[in-house]
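Each of the next two complexes has chain A plus one other chain: chain B in the first, chain C in the second.
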Partner chain A sequence: MFAIAARRFTLVALLATGLCGCGNPEPATTGAPAGMRRLTEEQYRNSIADIFGPDVKVSGRFEPILRPQHGLVAAGTSQISVSPAGFEQYYTMANTVAAQAMDEAHRATMMTCAPGPEADACVTAFFKRVGLVILRRPLTDAEATAYAAAANESAKTAGDFYAGVALSLGTMLASPQFIFEIDRTERGPDGVVRLDAYAKASRLSFFLTNSTPDQALLDAAARGDLHEAKGLAKQVDRLLASSRLETSVRAFFTDMFGLDATAELVKDPVIYPSFVRAVKEDMPEQTLRTITQHVLLDDGDYRDLFTTRRTFMTRPLGVIYGVPIAQASGWVPYEFSRDGSRAGLLTMMNFLALNSHDGRSSPTLRGKALRELVLCQPVPIPPGNVDFSLVQDTKNKELKTARDRVTAHRAEPTCAGCHKIMDPIGLGMETFDGVGSFRDAENGISIDTSGDLDGVKFSNAVELGKAVHDNPATAACLVNRMYEFAERRPALSGEKAWLDNLTRIFAADGYRVRALMRRIAVSEAFYKVQPEPNTVEGKR
Partner chain B sequence: MQGKTLGFLVTKFSPSVYYGENDCPDGLTPTTDEAFLLTQTPAERLRLLKPENALEFEKKWKTDYTTGPNGEDICRNPRSFLNDDRHPVHLTVKGAVSHGMNLDGTDDGRATARSCKHEKFRGPNGEPGIDNQLYRVMGCAKNWRGDPTNGSGMALKYNNYMKDGLHNYLIEIRGMKDPRNTEEVEVGIYSTEDKSMLDGAREHLRNQTFAVTKNPRWRNVTRGKIVDGVLTTEVIDTMYLDWFFALNGPFGAVNEHEFRQVHFRLSLETDGTLKGVMGAYDSIEVQSAQGRHGGKGVATNGNRDCASEYKSMAVYADGVPDPVTGQCTHISLSQDVEAVPAYIIHPEQQSTKVASAK
Partner chain C sequence: MKSLPRRNALRGLLGGGAVTVALPLLDCFLNGNGTALAAGAPIPVRFGTWFWGLGVTPGRWKPTKGGTDYDILPELKPIEPFKKKITVFSGFDVMLDGKPNFPHQTGGPGFRTGIAPPTLAYPGVSFDTMIADAIGTRSRFRSLELSAIADSANSLSGRGAGQMNPSETSALSFYARVFGPDFKDPNGADFAPDPAIMARKSVLSAITDQRKDLEKQLGTGDRARLDQYFTSLRQLESQFAMQLQKPEPLLACKPVGAPGELEVGHEVEKVAQNHEMMARILAMAMACNQTRVFNMHINNSASSLTRRGTTTSHHQLTHDEQIDEKLGYQPMATEFIKDLMQQWGTFVRILDEIREGDRTLLDNTLVVAHSDTDFAKVHTIQNLPVMFAGAAGGRVKTGFHLDGKGDPVTRIALTAMQAVGADAERFGSGSMETKKPITELFA
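Presenting the complex of A and B:
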């Protein structure tokens, strides 16, 4: 199916190029200063699995990467370092991984060296080879020799040849050059500072596979292909056609929609007894399956994610959705009925439950999430002295519905400004309780889900989804977020024209996510660095 | 059938216990050690109860008293104790009121073609002719009876089996035109191999999906009618349901209920649940096995005299006479039934795509 989708994508991309006249040069960007980004936990784990095999275990805790305000966690990777305690964890994990790599079960796949007179040369060659994939750049002879010498010394101390290699290998894995993706620069033939080929390979790989560059990409870097449009496009298309793309797309949407918060989500078990562990575990997977099926396998219009009736279900989720699921275990495709109350991500429990309180729904939180996560329209932080007692009083005799309560809350002038951009759209989802189960009344009063999104009226959550689908901010937000995810930093003011143009191209491409990723991956903007002197340059 | 279909997961299916004030005027049925002591002279009882004779006492009641003349296990082979007078018939319920239904159609409990002569109860609302000999026999046994606050220990155990997924039952009402009054509905009572999900308080979740058992023997269908929100079914002559014990040996073979002359009376509650009772006869072999499936440990650690239990059920059995001996082989009972809404998938629907959701 990926192959079919890839062929379809190529056709769409070609058509789009002709339609929008994208043969014109892309708007110039300033680029950002060369920097470094800490690998996310998933990138670290993916990298270890790709280098050493999926059965090598990574055991340890990763320091959290803070989500910048109104940004992606991915952007936080460029704004964070490693604390001493965090480095201890990395160091322990590195040595545990290295020990596994050099144990009897694994070492033959990594290294053929054995103790003896040929060992030094063999081990040096090993570190040169493995250093390339671990540090994502070639090691100098001096570096490889140093790692081999350290291995030799350690072997003498440990009295074990392989333990010595493992210790030196662990040192390499604990190196900041592995833990961080580093923008190494060079001067191109035109004298302009640019990312070197291996840094390009890393940037591309972490964007499209959420992991370290594979051998083919490193080979392309070695040949200089990535500095040529044709060679770069060939690698981009190869990665886009790979099943690894899904890993990256999942990471992106997890980040964009804040699905990572699901792990810490708690609901009041008395009010929502059905919110059991199995439900909670399946919740984000339902969202991600829906997304990947639509944007990758079906190569669908991104905006249709807010109107699609197609999703996936498990038996535990069936309890929340109130639907029978014939298959006892695993996932089954599912389609909401045409006359039902659900269509699109806004009506799926992950969005609804994540953006609710522990014991009640929240039009405000849902409206805020829709504004910030889907439309990229930041909502100001509330003042510290807000009196929430009215909206929290779900048993209020006079204000029986959430609409009544938030309307009363909005009567406060200090609250009205922000709430009027959140509550009216959040109330469109009020027929879903705090875990996303359907209800048509609250405290015996029929729930009114009518409202408007930026002037477009809707009467229920399905129509709200259609309004989101048609809102220009929806596509523009996706483009901005995808670029932020790719660069792992917020977009800069000097990139606005480029992003506006990219948004127009995204529309011309039929709002296809794969096509958008390709546009970014082959663009000059994606790899551009500001031409300041770089301290890393030339100091390998 | 035209009309609405409602599915339910049975969450309670355990013996009904009525707590009358003077149900057990003679006291509770002796436990195994107490029963053993009653076989001894008063002087010997006092001697055995002295601390220095604790080991001797324990050996006598845990070994001698619970072992047959040929080494039989009191719980695995209670039949061999039928003529052993050391194991008496239980103290029975003397109260006149019990939950249950009239199974034999008589008000006086006279013998019929399908029943042996027995004493009747009155229902809690005064209805005559209630058959519940199991309650009569077991209702004064400490563990079985429990107390009004905490309920029956045996019921708790039985209902926990369903929570643990050892066996689960489904009820489906088809053709319902009005939940208050429908002249005729079809009612399915099924086993399911699917396990139930529980919430944090170990209660069954509502709206789960369950597939009807693959074993046609454990699928039962009857008709019924709904009057004022109460469903009453026609009699099911024989109803088999899965009854699973993860046991080796002879009790592993006892893996199903064999209910006879089954009646249900279930109220459709406003919160969507079902509540009521099932009246039926059950084989005394199955009923007694439920209590003694753990072997001799039930008599020693559980302190239940399996021989007395079996003997009592045999004596008070009131249903399904043996055509040769005339001795009844089944005992009347009442099971409390509660059920929560669920989706039921029938075998022919297993691959059907279902597309309806709120």
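Presenting the complex of A and C:
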């Protein structure tokens, strides 16, 4: 009797959560103050391509966004600004883009204005139109007039009408309003401070497409649809169905698993001669193809990424994996054998090679990555004054394998506390060397990959993957990371109850990533702002 | 690239804007003692930092004798030819005031900002940026940051609000930034302000006009970040302003050709090669007054340096390598320190090879070299290895070994700031706050 009632309650809760605008079934959240987030390199490039067309080149160096401790790079965007060297680059890129947009090949698609008596009004109208898509909100008449005036003035200095428009357009692209996504707030009909419709559109668009809002979304914002549950859901479903979603899903997993570090990964060419440029380039793509195939095309259970035997190969990768690939170029679907040594992301070379040293594997780094990136369990920073000489007697011929060495490591009490949460699980992946090739022995001694993850025993990396699949932290971590990615800031304590609830819903949804993204995108929590008296200027 | 027809067209546009220097530049442009141009503009003082990660080996670097007659131990051997132009500091500490010593992340930021970081975030404003604000406003770039090892996040120069000055890691891109199409040769035969730059400069104000409206949207923390954006914008404005003025002729400015492309990575030989290429471009950038301030990082704090064919990185070695009982030190780790000090010697030599009147570029510069730790094996931040090279245009005495006897390391930073002309009365916080520069170094 009780059980049935409970199940019915779950069903009702599920239906109510996010699916209809009636009532407020979500646990309340506090929201964060209105913020300012710098566009990531990819968001900047995607925005330029969406606005000006894919053939307009963006050439320049983006200053790095520092990854906050235990956080996503996406969250780092809400903590940084632009350095002088960085601004120099932004300014050059902006002008290069603007000059291309105004060159003979492109200008007709952007603007029909020509020098002459009608030019002023025409250019003002152009800036109003292009301002909406570049700055992601309507420009006031005064703003558009100011851009047109600047164009006019610099046309005189430069001696060319189009060069003048390009320079003014360049300042729009170098403006903080383009480089950053700046939250604008207003008071809703109930007097409560909220994001205005265009700020909502931007937040939604960067989350689901990793780019600037498209015309349909800007139109929906103009109509006020995004303030209504039905109108919002319609836009969310449209974006979730678009091919753009993959761009965002790739950006998310790249960030969550730290795949961005692959670009700067180096391996010793003498020890790992097979680690050539093509391998390095294909490595993250293999991970991302495996992920997008599974979570988007197959709409699979997120946790199965740690057990799936299905992946994709190229010929250069085949060399590392020890599998011959007949096709000379491009990608082919590949399935690891049922009784083989590999299944899931932890046994693929991207994870293994990234979390190794330049010249050897590292059970500690792999264990740390598994804890921090996959399970969201931060490992404390080692103390500064550890003297490793107590445990690293290299004359001891007994310490032939990594297990021998790190076990000695863990004998030191100040180290043991943290290393016992990293090393035993990292040792489960020791049959893979520093680039991820399979081996069954080190220095002639066969490798022991047995261990346990939070009490669940495993005897090899494939079983470790199964243990990760079954660990409750795995799903909870994904939910927290996805929310952090969506908000581009870390979750706040006032959002814990909401996230716990979301994790339960994620399970009920069958651990579907697309469903999770929808839950967030239609939620009130996602758009909530905490009022700060000095930031609210009332309705614009 | 500069195309002549376009330039001619522009000159026509500007009417009488062209300025012509007919005479070749000879030493007659300098005053009698070679410290100033005859026109009266003094040869500027330059400042820079040179960072290396993972410190030194106890007993193999720090001189045992104080004063001018200091002894050179094996790891300091490469600076021997420049001993008279280098001052070695020992016994100056980073102080924690109860905060944790984050391995490899406390010493560097602690020295640069005078604040022991309470978290892993960069804790404040580094003194090199304060110097840049004081002496870097009359060159094209206020400062230039470089990392010879392939690590784009490798920087110890920050302006607060979480913002680091990013380092250039490619010698070729660095060259293009300084000596690319926008470079105006100070010794060029003629000079005409570039209308394109004039136009660029004037439209920048359109962005500044948005500031007030934007500030209203933001909370305090974000307002500081917006401030940083506008500081950066103003620096670009003054960069344009510099390019619109006819540059003072500079004898030592003889731009070299672009370097070749080099895939760098972590290998010590490649990093050294990259460092040397960067050092040459940087020295010429200073001789040509493109910058007066720099921050060079040869490797990173937890050094990723490797040696081809070996399994263990520099960082791993400092922790894992056994101290050889007979030798009394870690034989493989010390090799990396020797390589780094070799490059430090190379850097000093490259600056010293450029003559400016009767002095050298090195003499007109103050370089502060430092590491993030003393003995990397146990991450000590007391006795931080620091050196001065160059005489800041004769403002500091050189060629000493100075023992700080446990004084805060901020005294060295304050000395550097005051020596090159930054308006600083005190520096650092907590136990590291100091008002006492090392006065015996002032000439």
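Here is the rule we go by: the second predicted complex is superposed on the first by the 498 of 540 C-alpha atoms of A that agree within 3 Å, B and C clash if a C-alpha of one lies under 4 Å from a C-alpha of the other, contacts with A are read in each partner's own complex, and residues count from 1 in each chain.
The rule is short, and it goes like this: contacts are C-beta pairs under 8 Å (C-beta built on N, C-alpha and C of every residue); 3 or more make two chains touch, one makes a residue touch a chain.
What you see is a predicted model; the values in this text were computed from it and never measured.
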| item | value |
| --- | --- |
| Clash or fit, chain B versus chain C on superposed chain A | fit |
| Touching partner for A:269 - first (chain B), second (chain C), both, neither | both |
| Per-residue touch tally on chain A - higher for chain B or for chain C | C |
| C-alpha centroid angle, chain C to chain B via chain A, nearest 10° | 80 |
| Contacts of A:146 with chain B and chain C, given as first, second, both or neither | second |
| Chain B versus chain C as contact partner of A:331, first or second or both or neither | neither |
| Touching partner for A:358 - first (chain B), second (chain C), both, neither | second |
| Which of chain B and chain C A:63 touches, first, second, both or neither | second |
| Touching partner for A:85 - first (chain B), second (chain C), both, neither | second |
| Partner chain(s) touched by A:341 [first = chain B, second = chain C, both, neither] | first |
| Distance in angstrom between the closest Cα atoms of chain C and chain B, superposition on A | 11 |
| Intersection of the chain A residues that touch chain B with those that touch chain C | 269 |
| Chain A residues touching chain C - in the complex, by the definition given at the top | 33-36, 61, 63-64, 66, 68-69, 79-88, 91, 95, 146-147, 150, 153-154, 157-159, 163-164, 167-168, 170-171, 174-177, 179-180, 182-185, 264, 266, 268-271, 357-360, 381-389, 392-395, 532, 534-535, 537 |
| Residues on chain A engaged by chain B in the complex (per definition of touch) | 269, 273-274, 276, 278, 315-316, 318-319, 321-328, 334-337, 340-342, 438 |
| Contact footprint of chain A on chain C as seen in their complex | 13, 100-103, 106, 119-121, 142-145, 150-153, 159, 161-166, 168, 173, 177, 195-196, 198-200, 202-204, 206-207, 209-210, 214, 216-219, 222, 225-226, 228-229, 231-233, 235-236, 239, 265-267, 304, 306, 308-313, 316, 319-323, 377-381 |
| For the chain B and chain A complex, residues of the former touching the latter | 194, 197-201, 203, 205-209, 211, 343-345, 349-358 |
